[in-house]
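Common to both upcoming complexes is subunit A, partnered first by subunit B, then by subunit C.
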Partner chain A sequence: MSDAYTTARARLARRKAAAPWILMLPALIIVLIFFGLPTAYMARMSFNLHEGAKLYTPGFTFDHYINLFSNEVFTTAIWTTVKLSLMASVVTVIIGYAFALLVWLKPARWRLLFVGLALCPLLISEIAIIFGWWMFFPKNGLLSFALMSSGLITDKISLMYTEFAAFVGLVYVTLPFCFFILLSILDGMDKRMLEAGADLGASPLVTFREVLLPLTRTGLLVAFSQSFIWTMGTYATPSALGPDTLWTMGFLIQEQMLGRSNWPLASALSMVLVVGVAVVITFTRSLSAKRTTLHV
Partner chain B sequence: MTDTHRPSALNRRRFLKSATAAIAMPAIIGRASVATAQTSFAGESLIAVSWSGNYEQVFRETVVDPFNAQFGTKVETVGGWDQITAQIAAAPEDNPPFDVTVAEEYISSTGLAGNMYVKTNPANIPNLEAVYPWFYETRPDKAKEFGVPFGGGTCMLMIRKSLEIAPTSWKLLWDDRLAGKVTSDASAWWWTLSVPAVMSKLSPGLDEMYDMATAEALFAELDKLKIAKWYSDGAEQANILNQEEADAAMTFSSDAYTFLTENPDEYVAAVPEEGVSAWADWFFKVRGTKHDALADLFMNYLLEKETQDRFLAKSMIFMARRDVTVPAHWTGYPQSNEDYHKMFQILTMDGWDMINANYQAFDDRMKQTVARTTA
Partner chain C sequence: MTTPALHLDRVRRVYGPVVAVDDVSLSVAKGEFVTLLGPSGSGKTSTLRLVGGFDQLDGGSIAINGERIDHLPAYQRDTATIFQSGALFPHKTVAENVAFGLRMRKVGTSEIADRVRQYLDIVRLGGFADRYPAQLSGGQKQRVALARSLAVRPAILLFDEPLSALDLSLRLQLRAEIKSLHDQLKFSAIYVTHDQGEAMAMSSRVAVMRNGAIEQIDTPTRIFHDPASEFVYTFIGESCCLRVNNAAQSLDLTLETPLLGEARLYVRPSRLRLGPDAASLPNRLKARVKFVEFLGDTNRYHLQAGDADLFADHAGEMSLAPGATVDLGWLTADMRVFR
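Then we have the complex of A and B:
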């Protein structure tokens, strides 16, 4: 009897231990097949050789990684990409947060309009958006025309092919994602908390700092991560709007992969990109986890 | 060079060739005589890659649609460029993403190095008889058994008409009148590098640009350009010109045709007196295709006089056949094999092999040029 009981308990314990894995299994299989295997293949490809006109030659070398960190073109591109992505992500999160707050605080009748506005960029391809900016930034573009017409400037100006144009383009592409993440976080909160803060004598600024910001911190970190991932990998927008010398990692990956047919070097660049993004995501997650622990 | 393929009166050799071609006809179409080919392939599909952009549209209108109308087939064309060999390499060897593909010298080189193409049986392509030998004379032996030539494109000089500067010489790109108003390709930079190579008389053809040691002098010439903005694709080039950021461009024949037909009063383009760098468009049968016979029929159709005439009428490329009807917009079209050699300096497959061996150095040096010439 005792043995049977022990066996049954042991079986139950095993089942309990296995339950999360069984529940996770379908998702885990999908992640492994669609993300794990390609990443592993890419990692392996980055160590292959590249000879002549062949896409790659099976082998093992660290040359591509050495090249990445010794060639000024690549090191500059890595730094440029990180800098541009960080700046664009921070600004995107700030604008997205303000926009999401506005929508959250406005009466429901305004909500549909604002959400529709935020959806617009998602309904248009990145290439079409680029063409739009091409009509907006040049000296014969809408911006120059508007500034001239309003009397703010006397000569036509062109912001086309500047780092500013690339920056604006990146913010525009990632803003909707940021906005919807933050709006979903805000929607999960009770607006009466703001009233409670006011009732207790807190100014709007204090309520924001002590109530709203801590409660939306995780959302902010997720929005930042999402924006950072997106901007790190995007190459068409900065390439089409930025100056000639704005070489980002995404641009160099496509150049090596397609223009040069150097798959190993393109893979090595991609691995650096993946690792860089993973480090930032891990860092932001660790910040998020700390806060959750404090709350608990 | 002597043109050994000029039409001549019927002699024994010509008679034998004709007889051979007639006997080989059933093989050309795989399973039927010419008379019944129209129904033999009805409903069969085939995917042919052509260059993306205007070329793809013209290819569809002048080659694919008439072919389907004649044979009842379901041939499709999709646009491609630098991803062609990557797509073939990524697909299973017995299930390629397309059956026939266009390729210039670089894609020919990459594809042949990766064993991606199938040898051509000349008996299946009787129209090869009408092709300028230039196409084979500028090809290394290792490549001659693969594919069929269709035509080729060139770099061209294009200038805004209102400036009243005729595009007679590549030197104009360095002219003070166009300072800060020039655009050129920084993505396919080898074509930009080929401009000073064409102008230089130190080496035959484009030989000077294949070796980094001799190419440095060419890069030094490019460093002196006063560029408004480098472009990376046709759309960007069009935007730079349309927004009047630049007034002159090192452009390509297919782009030039679009500019000239859509804005005939805005631009003037021509082959400068020094000649032009060029590439040849070959069509290859891709390994693992399940439409082998139809691919042969299609490749032979590419070389029909009517097909070549139709394509030429809507483009500024040069064609493979000797007897094409030259449209009015193509002034100075080459009339002989010698003309092909004189006018077109091809970036050869052997040249590509040399560039590829030291590609990163070339690419890094070009990026220096871009940095030095950007305003």
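Then we have the complex of A and C:
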């Protein structure tokens, strides 16, 4: 009897230990098949040889990585991409934060309107949005027309195919994600805390610095890394809006892959991108790791 | 007459078609504890928020210690609010929360440390200085909120239903603590609540509010024993209502007698006598027992007399089964008739 009891207890304990894994299994399988395998395949590909016109020749070499970090075309592209992504992410987070704060602080009846507005860009494909920008930035576009008719400029201007256009395009694409992340963080907070700050004698600016900012720091970091991942990987928007000389990593990957049929080098570039993003996420995670469960 | 700690003069706040605060005038003397009591939507919280500076006046004026403050933003007013949710800063420790208002008032560092210790001791949370709000119970959080507001020694403390999120036993305990703190520290306060028990137990004076206006303002005893209106009478405690003739000053009714008329006669259930006790009383009624609730110290008899539903609290043992007929009586002094 006691033997049966012990074995039953042991079985129960084993099941309990296995439960999280069993529950995680379906998601784990999906992640491994659809993300793990391709990444592993890509990693392997980046070490293959590239000879002649063939896409790749099986083998093992570090050449592509050496090439990446010694060839100025690639180092410049990496630097350009990182710079553009950082700037776009910072600006996205600032605009998204202001917008989310506005929606959070406004009476609830405005909320639907603002949330609807923020959803719009997500309902339109990136390509359609690019076409929209093509009507906005050129010499005879909306922007030029608006500036002319408001008397701010006297000659028509074109911002099409400038780094600025690429930058604006990137911000626009990532803004909704940033906005919703930050709004969800703000929604978890007690608005009375701002009143409590004012009540105890803190000016709005001090309340922002002492109360709002520390409490939304985690959200800001998450929003930032989200934007950064997005802008690092986005290929169509900067290519379509930026100048021909704006070579981002996304652009080079597609060029190596489709234009030069150099799969190993494209893979090596992609690996750099993946590792770079992973580093940034780990870094921002480590900044926000302290006491993440403040909202109780 | 000395300057009141807080003086509201015909304060008005309108939201679209709704008059939330309708020409409220009110004075809180130094050291006085005034409660704004009323059902939800009566304007009590709106009034408090106007004093705290979280909302703008549409008319009238507010003065603290004789100086007008209604043009000042919240952070320049010498008030401190205890919010219903506590509104503690979750990223700051208990001590940092209490120190916040002092830092904003540019109090010296050593003085801050002293005062934080002093006020945490006062609310009996001396050992909790380094905890975070998430590590505290609901009652402890409200005590921290209280200490945080007390520590800045404001001209007036504003309590915005601070106990309504807590469970009953904790509510009773904390209200006794707030009362004893008031006796000890003599702070001036406005306390907003919809719980008449809290209002009665804690206040120097109670202002009963309805539809944005003060219906009656007086000491708890006078409010209870001499309510100015039917609304105050019914809001301040439980009551039974009978419809009677305008002329009725005493009743001697039987179950069959229809209770007609426009006037409304009220008696508190604790003042209704049952059975033999009722025989000698001037106002009598025959009623049928519907059911009995056991309330611990007393039994509550739910009764029907004609069209009227009544309930009476009776301490002693009475073998009254549902359906039984019983005599009911009360003193004329215990009833109120509103016409």
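The definition used in the following text is that the second predicted complex is superposed on the first by the 263 of 296 C-alpha atoms of A that agree within 3 Å, B and C clash if a C-alpha of one lies under 4 Å from a C-alpha of the other, contacts with A are read in each partner's own complex, and residues count from 1 in each chain.
The definition used in the following text is that a contact is a pair of C-beta atoms (placed from the backbone, for glycine too) under 8 Å apart; a residue touches a chain by one contact, two chains touch by 3 or more.
Just so you know, these numbers come straight off a predicted model, no measurement behind them.
Student: Have a look at where A:K54 lands relative to subunit B and subunit C in the superposition and call it first, second, both or neither.
Tutor: first
Student: Give one of first, second, both or neither to describe whether A:S2 is in contact with subunit B, with subunit C, with both, or with none.
Tutor: neither
Student: What is the contact status of A:S150 with respect to subunit B (first) and subunit C (second): first, second, both, or neither?
Tutor: The answer is neither, since A:S150 touches no partner chain.
Student: Tell me which of subunit B and subunit C touches more residues of subunit A.
Tutor: After superposition, B is the partner touching more of subunit A.
Student: Please work out whether A:L200 is in contact with subunit B alone, subunit C alone, both, or neither, and reply first, second, both or neither.
Tutor: In the superposition, A:L200 contacts subunit C only.
Student: Going by the contact rule set out at the top, does A:D190 touch subunit B (first), subunit C (second), both, or neither?
Tutor: second
Student: Should A:E210 be classified as contacting the first partner (subunit B), the second (subunit C), both, or neither?
Tutor: It touches subunit C, and subunit B stays clear.
Student: Take the contacts of subunit A with subunit B and those with subunit C, and give the residues found in both.
Tutor: none
Student: Which subunit C residues qualify as touching subunit A in the complex?
Tutor: Subunit C residues touching subunit A: 52-54, 73-76, 79-81, 83, 85, 87-91, 100-101, 104-105, 132-134, 148-149, 152.
Student: So in the complex, which bits of subunit A are touching subunit B?
Tutor: For this pair, the touching residues of subunit A are 52-55, 67, 71, 73, 131, 134, 138-141, 158, 160-161, 239-240, 243-245, 247, 255, 257-263.
Student: Which stretch or stretches of subunit A touch subunit C in the complex?
Tutor: The contact residues of subunit A facing subunit C are 190, 192-193, 195-204, 206-207, 210-211, 214-215, 291, 293-296.
Student: How about subunit B: which of its residues touch subunit A in the complex?
Tutor: Answer in residue numbers: 81-83, 85-86, 89, 106, 109-110, 112-114, 186-188, 227, 229-230, 232, 235-236, 239, 243-245, 352-353, 356-357, 359-360, 363-364, 367, 370-371, 374.
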